[in-house]
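Below, each structure is written out as structure tokens.
Look for subunit A in each of the two complexes below; its partner is subunit B in the first and subunit C in the second.
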Partner chain A sequence: MKAPSVNVARAIAPVVALLVLQGCSRPPPPQTADDKGPEAAAATPAPVGKAGFSPYTARSYPTRVYWGDQHLHTSWSPDAVGAGTRVGPEEALRFARGEEIVSSTGIPVKLARPLDWLAVSDHSDAMGIMSEVIAGNPKLMTDPVLKRWNKQMNADAQQAYAAVLEGIAMQGKGQLPTPMKDPAVALDMWHKMTAIMEGYNDPGRFTAFIAYEWTSNYGGGNNLHRNVIYRDGKALADQLSPLTTFVSENPEDLWKWMQSYEQRTGGKLLAIPHNGNLSNGLMFATTTFKGDPITREWAETRARYEPLYEITQGKGTSEQHPSLAPSDEFAQFEIWDKGNLNVVPKKPGMIQFEYAREALKNGLAIEARVGANPFKFGMAGGTDNHTGLTTAEEDNFFGKFPSSEPSPERWSENAFNFEGRTIKGWELGASGYTGVWATANTREALWDAMQRKEVYGTTGPRITVRLFGGFEFQAQDARTRDLAAVGYAKGVPMGGDLSRAPAGKSPTFLVAAMKDPLSGNLDRIQIVKGWVDAKGATREKVYDVVWSQAERRKPGKDGRLPSVGNTVDLATGTWRNTIGDPELVTVWKDPEFDPAQRAFYYARVIEIPTPRWTLLDSLRFGVKMGPEVPMTLQERAYTSPIWYSPS
Partner chain B sequence: MILRVGSGAAIAVRIMAFSALVLPGPGIACGFHGNPAVGALNIAYPNALWVRTAVWQAQLEGVLGRPAAEAPSDPFAARVALARRYRAASDRFAALREDLAEGGAKHGTPSFTVLLIGPMLWSRFELTGDDYRLQVHAEGAAPGDVVLITDEPVLEVLADGRMPVSRAIDLGLVRLYGKPSDVSAVTAALDSWRPAPPNLKRTS
Partner chain C sequence: MSVVPLIGRVLREPLLHFLLIGLALFVAYDRFGPAGGGGERIVVTRSTVDELSRQFAARWMRPPTEQELSGLVDTWVREEIYYREGLALGLDREDPVIKRRLRQKLEVMQEESLGGDAPTDTVLKDYLGRNADRFREPARTTFEQVYFSGSAPVAEVERLVAAARQALARGADPGTLGQSMMLAQRHDDTPMDIVSRDFGAEFAARLAELPTGTWQGPIASAYGAHLVRVSVRKSGTLPPLEQIRPAVIREWESERRREAATQAYAEMRSRYWIEIEAKP
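Moving on to the complex of A and B:
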């Protein structure tokens, strides 16, 4: 453990400037004779000359974080519509933009704050097909079953209900009528979807990404889903029908499809793998899909097309499993480890290939072996809600399906039930969002930031966090007014690379975070380091690098910080920001650096405890939940890593 | 991939575990016996799921009684409790059939089917001559039926005469589907239903 290298209170003013956001602040800290304070640390104004007067005219780096959800389903996803979702893509976009709508269970709903962007990622398999059956798409009406369904759905509700049930049953058995898998039909639907996205995309104000989810449940529920995000608009996106699992369940085929799209259209795509906790050991397997050894080409292809990973969403968090990091006191967080998507139980040895930190470590080891890192990804968050409602806040949680939209019973009902193997409603998480450091709110700027991994995931709160790595950061850099300018000038942002450490130098990191104005104060910032040691073994360590109330919280003999405490009032569902700090910033230097060893570093920002949605539900509905149900949580943000390579 | 989801289905799933032992009647359409496919209702019967929300909101506001304590954890006790609920629903439907027949509300009233959305229990009131034939635990609605979607706590207050049907409709506790003229006829017939309060009920 390392003591905080910068006094927290002194650092507040530069953090505010760094983050370029409104936020809470404390009174200016007292200054001492040898402490000239943050104002004095600001750059001395240069004489006015050819550069003009404004210091910001040539600035090219991102100064704003744009918030969004890269994983949302609407009534165009077959499983969503089968579960009763009536909110379609247009309503979902309006909701994300901040409008009030009515949920599928009849509840008015609105976000506390609008989002800046949204990727509606409906399943590509039979996307929106139900409406085409109703409309009588001629390509579908060649099939007698679909023709009958069309008649039933246009007859009366009773017949429509029978048709819907029959369709659900046939899909569950994988026996959908062949025309429903017809690429030509899929292309028709895709064109309608891209038209909707185009209509709501408002460059500079709100970005509506063209996207879909490729939904491989290989082997019976082993979740290998990927969200495919387009940099492009309708003109390019329309040229190819999205890949479906009717064609292939192999992620390698998805990469080939992406390559084909890019070659044909000149466009650009990236894919974000679903959180891996439901893959039963397959998401980050250290072999190819067919079980062959990973080659350099394979690793480069995966890294190219999958620059991000969904580290948190409603079905749990996949940063690190507590059994893989027993000393990580914050690893036990919204863990789903019973089985795969069909709740088929896990076997020993699966978990280690499902979590981000393990994958990042294994990626280093593979890179040492084949010359490329297949798991070189940044961190994203999403909801994966199937309600059309991108809600990730604890006090505004509308569940995963209509069945888990607000009700007194949702906590105790089965969120999933596969042949008696169940996940309870209370296990769903109100998570998460992705923060993107981009130069503008456009498809191009946001996508480019995603590709360069200058993004981070949160479990819902809009915590603002910056991470820079370099070899020259000094303590006083954390006290400069324009901290980002220093960060970019002396280092690389999250998602970047460091290499060939100068002799005698260790990596240094400038890290700063500011609380979500509507959420809890910050407990601490941690740097998570992973590396490959001299023997080729993967290692990890979590450092507390700066923490709140540092004047009274000192690490114990075991190196652990005392708990920040807990102000949550279980009787009222409220908390007080009398603990924690609104902002934290420091410069941290790796104390155990070996320039010959590959490593990665990412920041984890931990909030103070706040009420979980279950506590708020118990109070709203007057229900008593069982002792197994968590009532508070410590929300968090995970930055994309910065990698170090000796060569 | 279709997920089997919870909601009212949860009650049904619990019930179906033992239903074959305690319940009469045919079919798998009822959630007392099998997959209720609650979600599909929202498509075929637009906004059917709003009834569930209206019910819990009415319970929170005191318009409807709060649900009883948690279902017993003991499996046998749970079966007994669920069987009692089924019996109570059946008795209320029987009383409704009788009152409708006695009140002459059948004139011009089409057949209708009631769905209790919690347990997904379909019950059909089929007009046969000058009487209704009641089939509790039907497989579903018949073509042309008016479909009335509600839930157990609502049926309880309707059957006890504590709330007229029109009020329940206004509160979203009952939603009707069908041809507008048929819906109007059924609504009028049901609204004339004035069951005696529980303390004045005749015994049988």
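Moving on to the complex of A and C:
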């Protein structure tokens, strides 16, 4: 299912062919560089160099990005199975690990490359689908022991307790009455879910997170959904049932539930909200759920439990709405702004409380007022596919529901239809993934990186991005052979904090990006700055900090960089990496810094144009799509911010 | 105990409580349920109330207040009434969502109804032998690379590569040659699937063929051209069962479940005679 593409490898093939293969033989010198993943670290050291010689062997910082999806539904989500999804959590994990499976509509499917981790986040509502089977199962009464227990349970508390103890003892010895071993009875879907995740969690090679989605559609489709991600294994996760929205639709109750889980088990949880763009003004409202002013405690609680936000996914991108940033030429990207999840239209004034950048700005203003920032979050990506298939690549897009799995009609069908208010299939995006800078591929290391926000979201491509902030970065740091060593030594990584600028100093940023080997070259890196000005108003500015073909492309009089161009051939669905660069790196200093003003900075990395899934579909199925359907896109990565605070 | 350790682990104490309460609910319903005659009667049994209470406590670590419990009971009653009214109107018929849900329940039940004990070592060793490729460790390679960006003109890359090769022949430190990039100059004992992900599949394929100990290339990656020296190459080995037992059990169980599902469907299918009407 790969679209042909002309990449750098092919572009430089003539060079490689021209140069005669010749070796130069000499004994290997002592080795220094050592940028290895945990897989390598766990293995026998290679017989070169001397132990202790390398200054990097004790590195404690992350040297590798681990790619995954924190937002995937399977047939265990009621809306998914209702829509015809057949792929369950186990198949979903196998697929994410790189195996070929068959989709719900019968199409064989495989990822171009495996992911490193996956969180299956099925809806908690109705996950316990078997309870009514349990309640009504007449098989139980055929067993004399059960019949006796039954009487005891109905007699009094003491006798009931005795029956329970007897049962536990029998279970320990493997002697439970036969009908109870009948799994038709013995099913609690949450426990089964955590068992599956446990079975596929393979520390060092593949991480399976225990997770669920708390799906609050408060007030009729106002999307307040959150994915709850466990750092812990089954033993802890089983102790509390996931929160459902039958119990509460108020996110503050979710935080309470998370707190009670942590207190009871000693475990750790974080929640990742998503689709603020479909919340009709509620996701980042600057009041509490009930409309009261935000207090310091409220802000601290939210920031603690919600360290990340899903900035891009299949139902649109929520970075920034074009109407809120008219001068940001890249804001018009996969925008869903017709209404909420039920396509109830938006009213004026809602959009400003739905998008990440605006929330980051409002968070600074709230912090100035109450002493804590409720919207201090980093960036994640997720697919939110309900197919069990975490596909975020344009040439391998299997849609949101089985109805949007590959077919000649999927582009024109209604992806959503509420009483005639529709979203078309072509509006679905093949997006996104989360890159995690972690020290190892384990639940603990990945989760810890998420909590410290050393993660970033992409619209699908696996673009490698580093961002460090400090006051001492210099131009030559961009040319160092070991970027990370310099970055960590002189600054903080994405997700970190800067404060109290030394007199006369401005924040400096070391930022680097490397293309996905399977996707387009890079057009540019931008730094997005948001701040609160002297009058207390929130402001933002997008800076182009490094771009491809810099020798030819100079900003115009209006300060704008000329477009990188577009090499996509609409007739074949191919592109050429003759524009853009495989790697971009620079050091940037904030030219308009005021040490008294709160600010945040995050990097946005933009690829050259490549074919959107709609173009590839139109060629594969030979269908002609309407002029409203975009055929190319500029994929991108959004890093978590670095915050500056005057005190 | 149940067949699969996975399920064995599922059968822990809280679940047992749950079952026992469910069982009590069934009995209570049986005893106090509709007695025939009169209007439709809904009895919220003590067990139902207890179960609602228990579910609440399982989430909140405290019993519900009276008001909360009354809210839970109201919701339960409302749902039950809608459910019965819906059934009376036949709304469950020909509803694809309900069909799929029932199919899923039955499939889960069938899949879990595999009897038997945990697999013996003999069974697992046999399985491992038949599926060796699935459990083989990836090959590993230790190599260094000197990078030349693909964005430079071809002639320029050629010139730089030739100069670097001469420098290497003179014994220059490879860390001072070529250009810096985000991928490291040296990669120690790295699994080839990771090399493939980092540099691209074509690069990994070429790397696997290069002789060891000498500078070779250039070979192409998605980023540009690389001079490469492979120092150590290890082929992928098949670990003994003891080292990978959980993975082998997982795969064995998974295969068995799939087989059981296929068989269960075949069995049910054999009880039906399917007629498909021809076009008129």
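Everything below uses one rule, namely that the second predicted complex is superposed on the first by the 537 of 647 C-alpha atoms of A that agree within 3 Å, B and C clash if a C-alpha of one lies under 4 Å from a C-alpha of the other, contacts with A are read in each partner's own complex, and residues count from 1 in each chain.
Criterion: a contact is a pair of C-beta atoms (placed from the backbone, for glycine too) under 8 Å apart; a residue touches a chain by one contact, two chains touch by 3 or more.
Since we're looking at a predicted model, the values are computed, not measured.
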item	value
Partner chain(s) touched by A:F471 [first = subunit B, second = subunit C, both, neither]	neither
Which of subunit B and subunit C A:F593 touches, first, second, both or neither	neither
Subunit B versus subunit C as contact partner of A:F289, first or second or both or neither	neither
Touching partner for A:E583 - first (subunit B), second (subunit C), both, neither	second
Touching partner for A:N414 - first (subunit B), second (subunit C), both, neither	first
Subunit B versus subunit C, judged by how many residues of subunit A each one touches	C
First, second, both or neither for A:L518, with subunit B first and subunit C second	second
First (subunit B), second (subunit C), both or neither touched by A:G82	both
Residues on subunit A lying within both footprints (that of subunit B and that of subunit C)	78, 81-82, 84, 130, 160, 164, 168, 171
Subunit A partner contacts - residues on subunit C that touch it in the complex	1-2, 6-7, 9-29, 55-56, 58-61, 75, 96-97, 100-101, 104-105, 108-109, 112-113, 140, 142, 144, 149-151, 154, 157-158, 161-162, 165, 168-169, 171, 173-175, 180-191, 193-194, 196-200, 202-203, 211, 213-225, 229, 231-232, 246-247, 250, 254
List of subunit A residues in touch with subunit C within their complex	7-16, 18-19, 21-26, 28-29, 31-37, 39-40, 43-48, 63, 75, 78, 81-82, 84, 90, 113-114, 129-131, 133-138, 140-141, 146, 149-150, 153-154, 160, 163-164, 167-168, 171, 174, 176, 180-188, 191-192, 195-196, 198-200, 202, 234, 238-244, 246-247, 257, 260, 263-264, 464, 466, 479-481, 483, 512, 514-518, 521, 548-549, 577, 580-583, 585
For the subunit A and subunit B complex, residues of the former touching the latter	78-79, 81-86, 104-107, 130, 155-162, 164-165, 168, 171-172, 215, 217, 221, 341, 401-410, 412-418, 425, 621-622
Residue ranges of subunit B touching subunit A (in the complex, touch as defined)	1-7, 9-10, 13, 37-50, 52-54, 56, 59-60, 66-67, 140-145, 147, 172, 177-178
